[in-house]
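Shown below is the structure under consideration.
Every chain is named by a letter (A, B and C) in the order it is written, and numbering of its residues begins at 1.
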Amino acid sequence: MQLIMFYNRCSAEFCGAFSDEKTTQDFLNIKPKTMSNISKETLVLKRMIFAAILFSSLSIFFLSCKTNSANATSDNKIDTVLTGTVTAELTEAPNVPKPLTYTSPKRVMVHLETIEKVMPISDSSEYTFWTFGGHVPGNFIRVRQGDLVDFTLTNSPDSKNSHSIDLHAVIGPGGGADATATAPGQSTHFQFRALHSGLYVYHCATGPVPLHIANGMYGLILVEPQGGLPKVDREYYLMQGDFYTTGKYDAKGLQAFDEDKALAENPDYVLFNGRVRSTTGPNALTAKVGETVRLYVGNGGPNLVSSFHPIGQIFTKVYMEGGHEINTDVQTTLIPAGGASIVEMKMQVPETINLVDHSIFRAFNKGAIAQIKVTGDENPSLYQKIKK
Amino acid sequence: MKYFLTIFFVTVFFWASDAQKKAVVLSKEMVTVPAGNYQPFFISETNKPVQVKAFRMDEHAVTNLEFLEFVKANPQWQRSKVNRLFADTNYLRQWKSDLSIGESNKKIYNSPVVNVSWFAAQAYCQWKKKKLPTIAQWEFAAKGAPKNLKSPSLTEYILSWNAKPNPPFLPNVKSTYQNAYGLYDMYGLIWEWTSDFNSFIGSQDSRGNNEVDFKNFCAGGAINVADKTDYAGFLRFSFRSSLKGNYCIRNLGFRCAIDL
Amino acid sequence: MKILIYSLFTVVLFSCSNVNTQSAFTGEVQKSNTAAVGTLSSESIYQLTDTFQTQDNKNVTLASFKGKPTVVAMIFTHCTYACPRLTADIKNIESKLKDENGKVNYVLVSFDADRDLPDTLKKYATSMGLDENWTLLHGDENVVRTLSVLLNVQFAKDAEGNFSHSNIISVLDKKGVLVFQKEGLGADAAETLNTIRQLF
């Protein structure tokens, strides 16, 4: 601190001046006749010293506590005044809503519908999925820290069962579950303030909760920090889930849920986005050499933890567990059941990146693979096969 | 010849107009469910099984045809006249009009009536000098072992019904299985109203709920679920706890009972 | 001069203490209202035409409460904890509406058809210090169940004949339409009072 440095430099002459018993008033109202023993130069110097001390103290006071926003917790002061109402853009995986452009809190209208639907889970098997929006995972919701989310949940009149929602971004009873027990054909409604930024899972919380999650009722909500996230070239949405069927993997026909396998945590399918080959081959994600790609990755569970790894790539950035701590240059990152992660990669060479759960039997035999097809110019200085 | 034809057509006319009424109203049998002990889904502090006294229960759910008789005799329960306090806008929406299920809906004449509220179901049972069964009575009766079920187990059967979407037309009553008490379709057709469906004490959120929120509920004690692997039970109780009395839902009907 | 230096030093020292600017917002989850007003019927509950008996052994129907806003809750007299507290909560509301004395009905309906006969209700009213604005009602099991469904009150009878039940204070307008509900014991009465005042 400048004050201490100054004392160090302080010579006897000036220190002597500071240790005078003169009052502040006297010092400020320096009248020439009381300073007859001190030269004019000393006087000017004293004034400069005083100004310097004042200036440095004030600057320390105001500037000392500015912290690095990248590593801040989100206890930043949130403005509670809403500056308007918007309707959230909801997207279906693997797409992500565009980055938000507003910079003050809004009332954000979100409306999700729960739908029970028979869909293929693999080439030969069908399964009765319970969904948010008619697909697994549910729609991606994107809001900003400080927003007041006005949430309506509708249960399709064709549903057999009641449904509800728990969003991990909510601080409140059940994450919203307490307010949203919704019978078929009905709607429920609640509001919450997005107090903390981060990437959060949401899922159905109607009893028996494990069954509702096992049938595909999960999705992600991103609460952007107030300053937004750094810009990247592409953003995608993946969500891992484990599925338990009475028949084996890819058995023919409509499969029922198998409670014994689920209790034993022994799934037949471990999938990204609710279907074998949902995001491979013609459905693969795309990117170009030179781009930075960000993946919002959730794990709905219900049981398994994911060891998420990009074959042929490295995660240059991992927002660990979807929070604010950033790890860099990571090969494989853990995504807990009921958790999420944000990962980034820099596309350097053309290739097909296989994104897997590196508990590798899951990738090989149960469907846990997604792909990014990277196109562009080769770069032999970075990678080249050498023929014999 | 003319005379004969006139009589013929007149007869046909009356026969046709009677067709809806006469269209096989299945005779309403009731069975006796003997007394027994029922282990409630929720364990209370005392954790005692509930004694269920012997009672009579309709062998199958109330059908559309049966309910039609009711609304004919009780005009305040007709679709265009019913009070919104007692039935929401989905009341009997599957019917053609107030007093007609509809020729095109012949398939559902003998299917369970759905889109009826708790108040309507109560009123029907009272009109028949019966009442809705309590949860204890219904659950106890539903535990009767299946007599002619194709599925490997009742639990699997229930879970697979839960997993299937609602069919476009509900099958007839008595088209699924019969249980040891002689009751048909306790599972596999519809959810059914009970007289005390609103006796679920606890938060709607069914997870960490071992402790009842004392601020809201009185004498609830600590509530726990007897068998946490009874997923079918969870689904039933969750469904019940999301209901309000005037809800009309397309897979929710009822049957009546008589206390002995 | 010294004082200035020392005070500036102190100021600097404290400038970096815990910058814990608490957000004014408490972040509570709000249901759109405690009992989803959006789905509350616009119909009067007084359309329930069944008869109840009061603590003074009179036969009444709910329609007799028309003309004044009504605060209603469901209790039973053998209840040792929650019901006295709920009654006290309503008495508190009554005391805050002293200026409008006589303009509001206070109604307690008992779950306990077997035990809470008019005499018992009278004793309860006396012991709880409930004045002439209060009506305590006894009804048949069926009627009480129907009313509980209309008021979104959950309750169950246990093996000992006591009741587990939710604690809800409901406000009906002059016509008997349910307009507001507040759940919980010792709950903040501000919104309830506000609603009642708007019904005069």
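Quick notes on this one:
Operating definition for what follows: a residue touches a chain if its C-beta (ideal position, glycine included) is under 8 Å from a C-beta of that chain, and two chains touch if they have at least 3 such contacts.
Bear in mind that the values here come from a model prediction, so they are computed numbers and not experimental data.
Between the chain pairs B-C and A-B, more C-beta pairs are in contact across A-B. When chain centres are set by their Cα atoms, the one at the greatest distance from subunit A is B. Between subunit A and subunit C, the centres computed from C-alpha atoms are 41 Å apart. Once the centre of each chain is set as its mean CA position, subunit B and subunit C turn out to be 33 Å apart.
Mean C-alpha positions place subunit A and subunit B at a centre distance of 46 Å. Of all residues in subunit A, those touching 2 or more other chains are 173, 178-179, 186, listed in ascending order. Residue positions 244 of subunit B are each in touch with at least two other chains. Within subunit C, the positions touching two or more other chains are listed as 39. Contact residues of subunit B toward subunit A in the complex are 90, 155-156, 159-166, 203-207, 228-229, 231, 234-235, 237-239, 241-244, 247-251. Across the interface of their complex, subunit C is touched by residues 44, 46, 48, 50, 83-86, 118-119, 122, 131, 195-196, 198-201, 215-221, 244-246 of subunit B. Taken together, the subunit A residues at the contact with subunit B in this complex read 116-118, 128, 157-162, 164, 166, 173-174, 177-186, 205-209, 211, 215, 246, 256-257, 259, 263. On the subunit C side of its complex with subunit B, the touching residues are 39, 41-45, 47, 79, 81-83, 142, 145-146, 148-150, 152-156, 158-159, 162-167, 183-187.
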